[in-house]
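In the two assemblies presented below, chain A is common to both, partnered first by chain B and then by chain C.
Moving on to the complex of A and B:
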């Protein structure tokens, strides 16, 4: 198949292809996919390092069914914050675990989708295991393309069952259940732009505390991290893509997400990326990300005996902060006539700076838990 | 409420200029794909999910982890 024919087929498949990687209604995936990715994540101050290996495959079965499998191995090492203490000058300092953590996570996910004329349905499930954590999940989804294939509505539902057996407490088994529902619309606005808007509702119930974190109570000592036993989350993501023919066929991607939960946290995420084609199937993608959140209503850096309630946490992820991120991605595609139709190589590097002072609306918590991290990814994608 | 949402949806859909199948070449280019690299998108969302309180909006699997 020529490049033009493949592009035309992809064009006819729009916009169903755009929703969560699901196959287009009325047409299952036609090519086999095999993708491998290596990713590295590393934090400043000698904290966490993570190496991720991921292998994914997609296979068409007949002309209606698409099967997929995804394998991930994370190896995690380094130090993690446990609590904050007040030093003799009354200043808050973060206390880390020491660089003793070593963890491996293995995850498997499988999926099947079936393409009707205008509707695509999918089912999937997976398991993720660490020595102290086991998560199993099931998901299902449907997407419906209509309005002369200019509009796609999609719904997904998933449920996860997690079990936590903290290291050194083999007699303790904590569990939680999570339900997530997503509904979204993808709309072709004109021949140069499209918009997607998704809402997610999530409800978690059970043990939502962190068994490896503690809080410091002045004059008393340490207490376990203790969070509510339920959490409701709402997220609204809107994504816009615009094509600029005169700028060598470049594309602007702009994403904004509003997040609200009933622990008192509101978050805003803005992502911008510019996808610039350069010669010979090279694509260069500079990108920018800004994130801000306010603190949970039971968060304090440290507590007094007078103000600590049953629910309390000093987890650095529940405080107010902002993160600024910049990154660069390069991709190169090779189109071939043989058994392998396409090979795509991708490489990216991102740097993120997380600071209390980057929070919208200001933050007087101080800089004791500021840190930065970088991410590197390299992948090869094959279509045959 | 239902009527308002339906009216808004109809207005929104009709406001979009009709795009014929043969006019969709630009939208099919790889640089226009909303999710051009599913593995990288999953890795990035997984990382931000384990370092920030916000999550959701994007697709992806539903499983949890003990990430800290």
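Moving on to the complex of A and C:
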């Protein structure tokens, strides 16, 4: 590259020189974005496999408005646990569905955001559907940056209306509604660190059971999964980010998330990741994650006729367990002077091991429900 | 049928310089909107980058030098700092936006030459590599250090206005801010815009015409197409602390005005090696040496 090409390339990163760009402070999103992502998720023991295809685009409309659209297609195959049974030795065994399950979920979401000087407001909505499931949702949010852009407060609210018509039970139509509220604060502490804290409240009402799951009642047989008709959830995420100037601007991200719901589940997530820039716009991110939860107060692996109440579930997601995860992500950015300004390629692999015995404080449920899963993600992000 | 476009002319004072803008519009609503967008853009840039305004972002950064307090920056400021860093690297440290402290020693109102001690004191406050910055913050660690986007912001403003007008469907026009020129697009009849560069050694102007791109100059002369008024330019070498010697004036033609402007300043800073450097980098230029000899290389542009 010649001198003039090198300087022109640097100049093209200036907001005022971008095609469609504006020489104005405060608005970060001034470009068209198009992203494509593919992810493959797979569980051990022949359980679930999910392939996710996602396409999203962001476009500025005039000076202040940004529109976005997001399309997702998931295909799900493999077996999933239906119930646990006690074998003749009195040991619990998990009973999986046949491996023929094939589901396809399609989702569409659209959004608009409007930027004032220090305030950003957004509105959005979407639908997602499977052959037996339809969900419609609306959301709105606002964020306010003040204190010389060192502090950002944000609020979002969303509501979803879901309908489920279980396969083989076509005369049954169940519905639920969900409300979710988030309040967050991001505080820049100094030039090397920032702290973020988000609190989420959610309330779900209606049919919250899983129509494809059952419980085993010793001496009696099977009963349908039956959960409370309402659920309150509270989560608090705290994230600390620290930049190390001496290590080529590497960053440590440390997250802790506390989760509590009124079904009796308390969850804790600790996640650490190290963002290490290396030469030529390469970024390598190793990460470690630990999650633990205790069981819901109406969960049992199997039930006795004596102790089963109206509310009962043996869903593996409601039991006590712990998950240890490690992952590695690589990203590479290309900055260009042509029509496409930037291309970013990302590849990530995560491996997780879930075991009852990893639950903090101990768990004597046994290993019938232990499994591992991995996820591989590849994405391309383009900016025009 | 599409109506014929008409010419809008604006003359005003901004960024410490006389400015002239001409562009073609199709209707008065477009004219009104374009004018307000231009004023908004210029006042916004002055508000953020003028050293003469105590409440500007640049003044805030300068006032906080050595105080331990850093300043949050936005994407634009980050872009300008990144651009300035590129200029610093390309020039082996000659183009340094922390050279502002020298200006106080060589200001036009000064009657005597600064002492060696004064120069040494000023040089201690210079050095791009001293700046502490991240993508969100900047801090000058020594009290008295100054950032000065003098050689960048006016040219960036010309590019920005051209882009703003293009975004609003204006295809034909010329922006001139204190002698730095950016073309939006040819005149509606297809003709290029006539530009004149004054030769500082005599009164013969060099005339050329531009369909697109930009022209920016550095040195002790004024360039004009529709210009009047006087401009003083003192290019100070951050390594010696003294005004550069070798070239009287340099004009550069390239796509972006901000690039033309920084290359012109860089050539001046190169002093006696400036001419060889201009040739070596195959730039489109016009320059005048101190003895009045002129040189030019304007391959891709039409001379009238």
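Here is the rule we use: the second predicted complex is superposed on the first by the 357 of 384 C-alpha atoms of A that agree within 3 Å, B and C clash if a C-alpha of one lies under 4 Å from a C-alpha of the other, contacts with A are read in each partner's own complex, and residues count from 1 in each chain.
The definition used in the following text is that contacts are C-beta pairs under 8 Å (C-beta built on N, C-alpha and C of every residue); 3 or more make two chains touch, one makes a residue touch a chain.
Worth saying up front: this structure is predicted, and the values here are computed from it rather than measured.
Enquirer: May I ask you to decide whether A:80 touches chain B, chain C, both, or neither, giving the answer as first, second, both or neither?
Expert: First partner only.
Enquirer: Between chain B (first) and chain C (second), which does A:198 come into contact with in this model arrangement: first, second, both, or neither?
Expert: Once the two structures are laid over each other on A, A:198 reaches chain B alone.
Enquirer: Name the contact category of A:217: first (chain B only), second (chain C only), both, or neither.
Expert: neither
Enquirer: Is A:150 touching anything from chain B or chain C once the two structures are fitted on A? First, second, both or neither.
Expert: both
Enquirer: Of the partners chain B and chain C, which touch A:301 in the superposed model: first, second, both, neither?
Expert: In the superposed model, A:301 contacts neither chain B nor chain C.
Enquirer: Would you sort A:187 into first (chain B), second (chain C), both or neither based on which partner it touches?
Expert: The first partner, chain B, only.
Enquirer: Check the contacts made with chain A and report whether chain B or chain C touches more of its residues.
Expert: B
Enquirer: Is A:239 in contact with chain B, with chain C, with both, or with neither (first, second, both, neither)?
Expert: After superposition on chain A, A:239 lies in contact with chain B alone.
Enquirer: Looking at A:208, would you say it contacts chain B, chain C, both, or neither? Reply first, second, both or neither.
Expert: neither
Enquirer: Looking at the overlay, does A:318 come into contact with chain B only (first), chain C only (second), both, or neither?
Expert: The answer is first: A:318 touches chain B but not chain C.
Enquirer: Under the contact rule defined above, give the chain A residues that sit at the interface with chain B and also at the interface with chain C.
Expert: Touching chain B in the first complex and chain C in the second, residues 7-8, 10-15, 17-21, 148-150, 188, 190-192, 243, 245, 249 of chain A appear in both lists.
Enquirer: Would you pull the chain A residues touching chain B in the complex into a rising list?
Expert: Touching chain B: residues 7-8, 10-15, 17-21, 35, 37, 39, 41, 48, 52, 54, 56, 70, 76, 80, 103, 105, 107, 109, 124, 126-128, 130, 132-133, 135-139, 147-151, 156, 158-160, 162, 164, 176, 178, 180, 182, 186-192, 194, 196, 198-200, 202, 210, 212-213, 233-237, 239, 241, 243, 245, 249-251, 253, 257, 259, 261, 263, 265, 267, 269, 275-277, 283, 291, 293, 296, 317-318, 323, 329, 331, 333, 346, 348, 350, 354, 373, 375, 377, 379, 381 of chain A.
Enquirer: Can you list the chain C residues touching chain A in their complex?
Expert: Chain C reaches chain A through residues 41, 44-45, 48, 70-72, 74-77, 79-80, 82-83, 86-87, 90, 132-134, 136-137, 139, 156-157, 159-161, 163-164, 166-167, 254-256, 258-259, 262-263, 281-283.
Enquirer: If we count contacts the way the header does, which residues on chain B are in touch with chain A in the complex?
Expert: So the residues of chain B in touch with chain A come to 12-13, 16-19, 21-40, 42-44, 47-48, 51-68.
Enquirer: Going by the contact rule set out above, which residues of chain A touch chain C in the complex?
Expert: Those residues of chain A that touch chain C are 2-4, 6-8, 10-28, 30, 148-150, 188, 190-192, 243, 245, 249.
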